[in-house]
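Both complexes shown next keep subunit A, but they swap its partner, so subunit B is in the first and subunit C is in the second.
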Partner chain A sequence: MMKGAETNDPIIRVSELSVGFTSRAGHTIPVLRDVDLAVFSGQSIGLVGESGSGKSTLALAMLGYMKRGLRLIRGEARFAGSDMFAMTGRELEAIRGGRLALIPQNSGQSLTPSLRVGAQLSEALELHTALAESEREARIVRLLEQVRLPDPAEIARRYPHELSGGQQQRVAIAMALAAEPEALILDEPTTGLDVTTQAHILELLRDLASKAGMAMVYVSHDLGAIARVCDRVVVMYAGEVVLEGWAREVLRDPAHPYARGLLASIPKLKDPRLPTALEGRPPAPGQAGRGCAFVARCAIAADKCRITRPELVLLPSGARVRCHFPERVGDLPLCSTGAYAVREMAQDVILSLGDLSITYARTGLLDQVLGRKPVMTPTVEGISIELARGETLGLVGESGSGKSTILKTVAGLMKPAGGRIELAGSGPLPPLVENRRPDQLRRIQLIFQNPDESLNPRQTIAEIIAQPLKLYFGMAGEALRQRTEELLESVRLGVHYMERLPSQLSGGEKQRVAIARAFAAQPDLVLCDEVTSALDVSVQAAVLDLLDRLRRNRNTTYVFVSHDLAVVRALSDRVAVLYQGRLCEIGPAAAVYSAPSHPYTQVLLGAVLEPGPGPAPPQAAADVVELSPPATGCAFQRRCPKRIGPLCDSDAPPWRSGADGHSIRCHIPWQEL
Partner chain B sequence: MTAATYAARPSLFARVTAVLGEILARPSGATGLALVALHLFLAIFSPLLAPYDYRAVDANLMLNGPSAAHWLGTDHLGRDTLSRTLLGGREAILVTAIATPLAVLWGGFAGIFFGLVGGRTDDVLMRVVDAFLALPWILKMLVLIVTFGAGIEVLIPTLAFFYGIPVIRVARAATHDVVARDFVQAARARGHGAATIIWRELLPNVRDALLVEGAMRWSWMLLAFSSLSFLGFGVSPPTPDWGLMIADARGFMSFAPHGVLAPVVALSSLIIGINLTADALAKALGIDRSQKAPL
Partner chain C sequence: MLRLVFRRLGLGAITVGLVSLIIFAGVEILPGDACTAFLEREAQGKLLENCRNDLGLNRPAHARYLEWASGALRGDLGLSANGHKPIAELVGYRLRNTLLLAFCSMLAGIPLALFLGVVAALWRDRLPDLAISTVAIAAMTIPEFVSATILILVFSIWLGWIPGIVLTPADASIADFFPAVLLPVMVLTFVMTAHILRTVRSSVIEAMASDYAQMAALKGVPYWRIVFRHVLPNALLPAINVVALTIAWLLGGVVVIETVFNYPGLGRMMIDSISDRDLPVTQAIALIIASVYVGVNLAADLLTMIANPRLRTLHMRKG
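Then we have the complex of A and B:
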């Protein structure tokens, strides 16, 4: 895996690069500080860090590009010996997209929607190769084959919107490869893709890099993805390189306190404990002070760290680290020291969903005129789940599996097509909020994915939290103020937050406010819709810990929806796996994670990437677009690696129950799976 | 946590001052605001400033050019053009300053209502709005004015009504954007009533868009009012009015251009001032996204 070509000159060399902007007050605020980096041919380097760490700015600087408002303070970024910032537009054009290519984060947005895939690839070939027009078509097909797209000739004729997210990303890779570049820059290329798709793309990138001998710079916040594709890892913090070394070492035993904290804050599939939160947040640009940028969050910080900024020092292992006390870092914990999420379930059922089905289909005007009923397979079908008081149910599945839809329906924001929702003590719930009684509404609270969207930007934190208090308990005056303060304290935010607006809070703080608002209603059931997916990992751990603590105090029941299987593992008692709106498997978290039985669960768990440099995960199921669930048979029939035959297409699979309430829905008997 | 560095939510006064400061920070905004302030000042104090009686007819001074006694010359009845120009905006500014908030108010509420109701009702009502906008505004207004007369009591509601219609579109679009956001869904899920949701969740988020739209409507309304006066349906003589003055002096433009120029400059400077202010206001409130700072 390590293909060191260190004897040659590096293909990309960044030296003492500082990039920044001018503040309103006229000060120069750096966002990148003294970055030194070398990438050799055939090597792949991962740039990791939280949002705002400067990793994307650094990657773009390697292309000689800076976002508007940013400027070069000092230093240089060289590609194949020539300084990218000293070049003219023409000279850059010759390099960018040709010898040095970029694969952006969301290629669905970077492909031209009105041009067929083939035409776009042809354009890239025309610009960067000497290929004659007649030869281009064959080359396009070869390129699409190279990125393992099925039926390349057909794909070339399609428009970008006719491809799945994973296929679009492959086309973007093919386009970057068109001119046979010497180096590739990848900016979060798999973020936003489903785990199974991500596994395919990473596998492809690894192969391409090793075959073509390209250099790769891989930017990601996901240590798991970095572990899969990179030889070397560069950890960024507050615009600085804090650690650089071989991936194997950095991910097994990182020599910088920040990298260690980051690793410990990642929930892991194998570890059912809650991850350890990395408290605090990185300094804003220009706020780092004289000393070490990480000092405020560091467990081994000494006086020296506050006064002098550490230099990058070379360790015996070959890693470079920006720390005054690298020898002490080893004492810091590497994995979670967190507690196990408390399992306290009562016997009584609090929520029961009976044969719930939801349809998005709308009758069109023509159908109405003709009196036709549209024939549509329901988006979500046959969901029957019973939740005990104090239990946490994890709901997992890829995008489009209907997990959020189920939550919205339980909350009464969407009308189900059929089935019932029953809340103990309140009887069967009317389908929509408008018809529910205030006491029924109070008992179910919903926390949304993105706090930027779920908090009104025009209301102060006090006003936001006061709303449920006024609505459900009629609180006012001193009592209201006191209760608001209590709630803020309970999510570890001080009283001084009361008069602030959401825009003055960080992402994690905003999500805490949203949690406080939900708990203000003293709910029995809290529905969490991907509540940590908009947050950085270190913040995510703190939010998970908070959710667990709140539940313990009030014996609240959670339904926790996430696409991140490791996050679900840390918090859930039971896990339900959804595919295309149908339940595949449900059972105690420990059982589902240690012995996944349904073929889809196996595929899903197999595709999860862990930061540890272990063996490659098993290959996932076929990567195809699933537009709507099949009308008959098993929902997973088209992608199932263990498909047994026409039976899967025609008959709905039966439920098979195992021990401890663990059941799966498959035609294959349990023992044979 | 480093959070203690943030300031608390500013008071209304502080916020207004901050927005004014942002407007004044741009040369265009400062120019615009200065023009509007000058015109408002003149509208209030011009009776004290005007050197002559605006009605004083003098047959010996007909269509005289600018002189030391009459800085901007005289009109066809020998009246002082400077005095009449100074006073000529009062009626226009008064009528439009009342009609604009009315237009924003009714158009805003109608737009929010359409945006909330959505579906078929919204489709049908918006087509009615489109049909209305397709007709030339001057035709629609003339019909009402000819029917009901040209007094202030007719002009204000007429202008407010017609200029509220384009506001509907803006308010509806802004409402659509806000309604789709999760905090409105969250309020719905909690079980708040429609009135609370509109008042607390929606209005604060459409307010800025309506404010800017109102400023733009004001300048359009001024133009419309002056056009009506020009056509003889607005202010009746001998009350001075820019539109009327342009109409009167138009016939003598070839040899006495000052008679047309003075009211034209006065009217255009006010409209330019309002437009510049509205632009700067939009930027200060962050509505004009293309102008947002990259960092």
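Then we have the complex of A and C:
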């Protein structure tokens, strides 16, 4: 069913497209500059780049849509031969959602809150198909089945807020597929989803695209996802296409310095070294200058690069690159250049968690009215871990696995249901922050995922960092100022940042301030909760490098929580894998990341997508996020691909120990895993 | 959800109770009482003593409060100081007249405000919006008595269409209030429309810029269908509460308008009772206005809850 494939014309062709806004001074500031691009039927193309590179703007322009404030400067975006920007409203309505559909970035906010899911799907069918109202219901159920949602008829009756993030994303996909479009635009469709959910959704999309011969434009900052789905890759930088080519080449041996830097800054599962940061940041719109936009960050820049803007040139490999010296790019490193050394750990224990369990008591309002007893589901159970001074423990698991909950409990923000938290030198800690002594508080610091929310927007950077100094050390005057400066420099921010407000900083800079604030307290233990998840990969590498340097200098202990297993590998000495609030596996990072490991760890690791196309990853048996752990037996019993039988349902699995303190909790003997 | 409703009802009752205490205490703290006001210069010696005995004013304050409050609960607001008439009877017609005024203003104002607010939002920063927003700001800043005077000048004095003052007695039938009621209705509509339309405008603008409105456009939904099906049901929820506040203001805050037009409503009755120092009547009216305020806001909260699927389905599925 290769619609539109009878001719050899591209289904989407963007030519000479420039889009921009008018600045307050009246200048035209381009956000997209001279973009040329063609997508053929049945082909999938990936758009990658850092935030602000213009990739989402380009994707929306393919639909003839620009966000408020943006306008077309020149060029066209053709779909099936006709320019989307020259169409009437009625023509656009017929194409959008019909022949060309969008899967939005944030499906939770992209579904209308006041309409049931079924009504929204029905609307898409009504607008773009000839189905009668009576036929639509059956079709909706089939669409929801197609995206593998359990109990589709029930899902259709729900409101968007009653679905989980993964379910909302699937609904958005079903809606885009409703009219059997010829091309799909996907704007970061799996960002924010668990790796396992992401793996399932990507397989689904690949499958659908190949069956229906759909063209796909896949926007993502995640090169791993792009590698899994796309035939061709377009790398965007500062509103320009800087590299375009076959996915295999672009992701293995890219011919542009920016793309190489990007690849080197991504942590890899198989590489225990810290990734190499791509220093600097992209120019703001309108600030790219006359020469090459990447010149300020480029290791091979020459005078020519500062003066003339390079054109896109065709290489013998068939790739197009915007660089004056593509022949020199090959010398630039593709992966981490750092050295890796196994760190020697001290033997003294700094933090010990003894049989920690945490419970959320959640009661529905109806239950409260009827006086029903709340069902106490232990969210986290039986966690016993000891951390040596200077060690970094990585906590991994899907969302809902309890990894952040454990951090919050250690920090004293949640009260555990049982067990103890002991900090060397301070004895067993009182469960809640308000009962802890100032010196106990000082020794444990927490860094949050989103610095936008954890930094007070009305305080200057100096005030933010000075707070713990005043609170714990009673510093004032010149001493306070000097210490604040030192701390800023230790996170590689200059003195000129002191008087700025958080809103004047980039995401990476804000996270550095949050790190400086944590270290101002001279903590023994720093709890990092997804601290790099909101950052671009190049910035993430720099923050990881900073965290590594600080712990080496100060012998600080980290508990590092992340959903990104490669990031955890890069920083952790030991890794603990959590499923449904129970430990499955714990051991030295190198051991956990290599076979043999717990079946759940294998599923998690298999779902991680890396740049460099490989075979399809193995997937968990049941593609669902479980709401509560089973009452008896192994927590992973329902999804385990290696389930051995009723034993898994009835008995809690035993701990099996290997070398170097590597332990796995499974019924299957070590040798057979 | 049911629990939430009961809690809101309970909180409303507590609020009214507290307000009644404050009203009573306020009147109690004022120098003088109903008898000194009624007897004026003769308020001394035996005469004052007798009057206080008659009205039961020499009993302890808490006993009088309990009697007043329990009476009010049964709908018995006591007797007025002037003429010893049952207050409930006196207030009855006045309340009806004020309700008539409020009802007519709402009937004209709410649809007008919704319409103009939506128009201003959809034509944001263009001529219709600039015109509507400018007039709205004028309506909110010009004092009511000024706009009232202007309307009287235009419609009664120049054109001579509608009488500039209401001479209808309080207990006349509703039909007798037309057309005299129209001028005060116009003034109230003017002010109230301005308040509501500004809220409607900003929440429609916000909803039009939302991800779901963008998604609907990119799914090929025609513009007007986006507006009516995707945007307005979500954007108008916040308007419910502003409408409620406006209604409460209409019932309690029409003092100026009723005075300007000599309209026999609750507001003017309150002014009269204060200048006559008829404290039982003042107390009763204050209590009525407070109850209306609480009641209308309660109704708005419940309506929001029913209209918002997020709140409505709270009890069904969590997380």
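The rule is simple: the second predicted complex is superposed on the first by the 594 of 673 C-alpha atoms of A that agree within 3 Å, B and C clash if a C-alpha of one lies under 4 Å from a C-alpha of the other, contacts with A are read in each partner's own complex, and residues count from 1 in each chain.
Everything that follows uses one rule, which is that contacts are C-beta pairs under 8 Å (C-beta built on N, C-alpha and C of every residue); 3 or more make two chains touch, one makes a residue touch a chain.
In this text the structure is predicted, and so the values were computed from the model without any measurement.
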Between subunit B (first) and subunit C (second), which does A:Q467 come into contact with in this model arrangement: first, second, both, or neither? first
Per the contact definition in the header, classify A:Q109: touching subunit B only (first), subunit C only (second), both, or neither. second
After the superposition on A, what does A:Q522 contact: first (subunit B), second (subunit C), both or neither? neither
First (subunit B), second (subunit C), both or neither touched by A:R68: both
First, second, both or neither for A:R281, with subunit B first and subunit C second: first
For A:S426, decide between first (touching subunit B), second (touching subunit C), both and neither. neither
Based on the superposed arrangement, let me know which partner A:H496 touches: subunit B (first), subunit C (second), both, or neither? first
What part of subunit A is shared between its subunit B contacts and its subunit C contacts? 68
Flag every residue of subunit C that touches subunit A in the complex, lowest number first. 1-4, 209-212, 214-223, 229-230, 233-234, 308-310, 313-319
Write out the stretch or stretches of subunit A touching subunit C in their complex. 60, 63, 65, 68, 89-90, 92-98, 101-102, 104, 106, 109-115, 123-124, 127-128, 158-159, 161-162, 175, 362, 364-366, 368-369, 627
Contacting residues of subunit A [partner subunit B, same complex]: 21, 67-70, 280-281, 283, 287, 296, 411-413, 433, 436, 438, 441-442, 445-446, 448-450, 453-460, 467-468, 471, 494, 496-497, 499-501, 504-505, 509, 517, 521
Within their complex, state which residues of subunit B touch subunit A. 1-4, 6, 8-9, 181-183, 185-192, 200-201, 204-205, 293-295
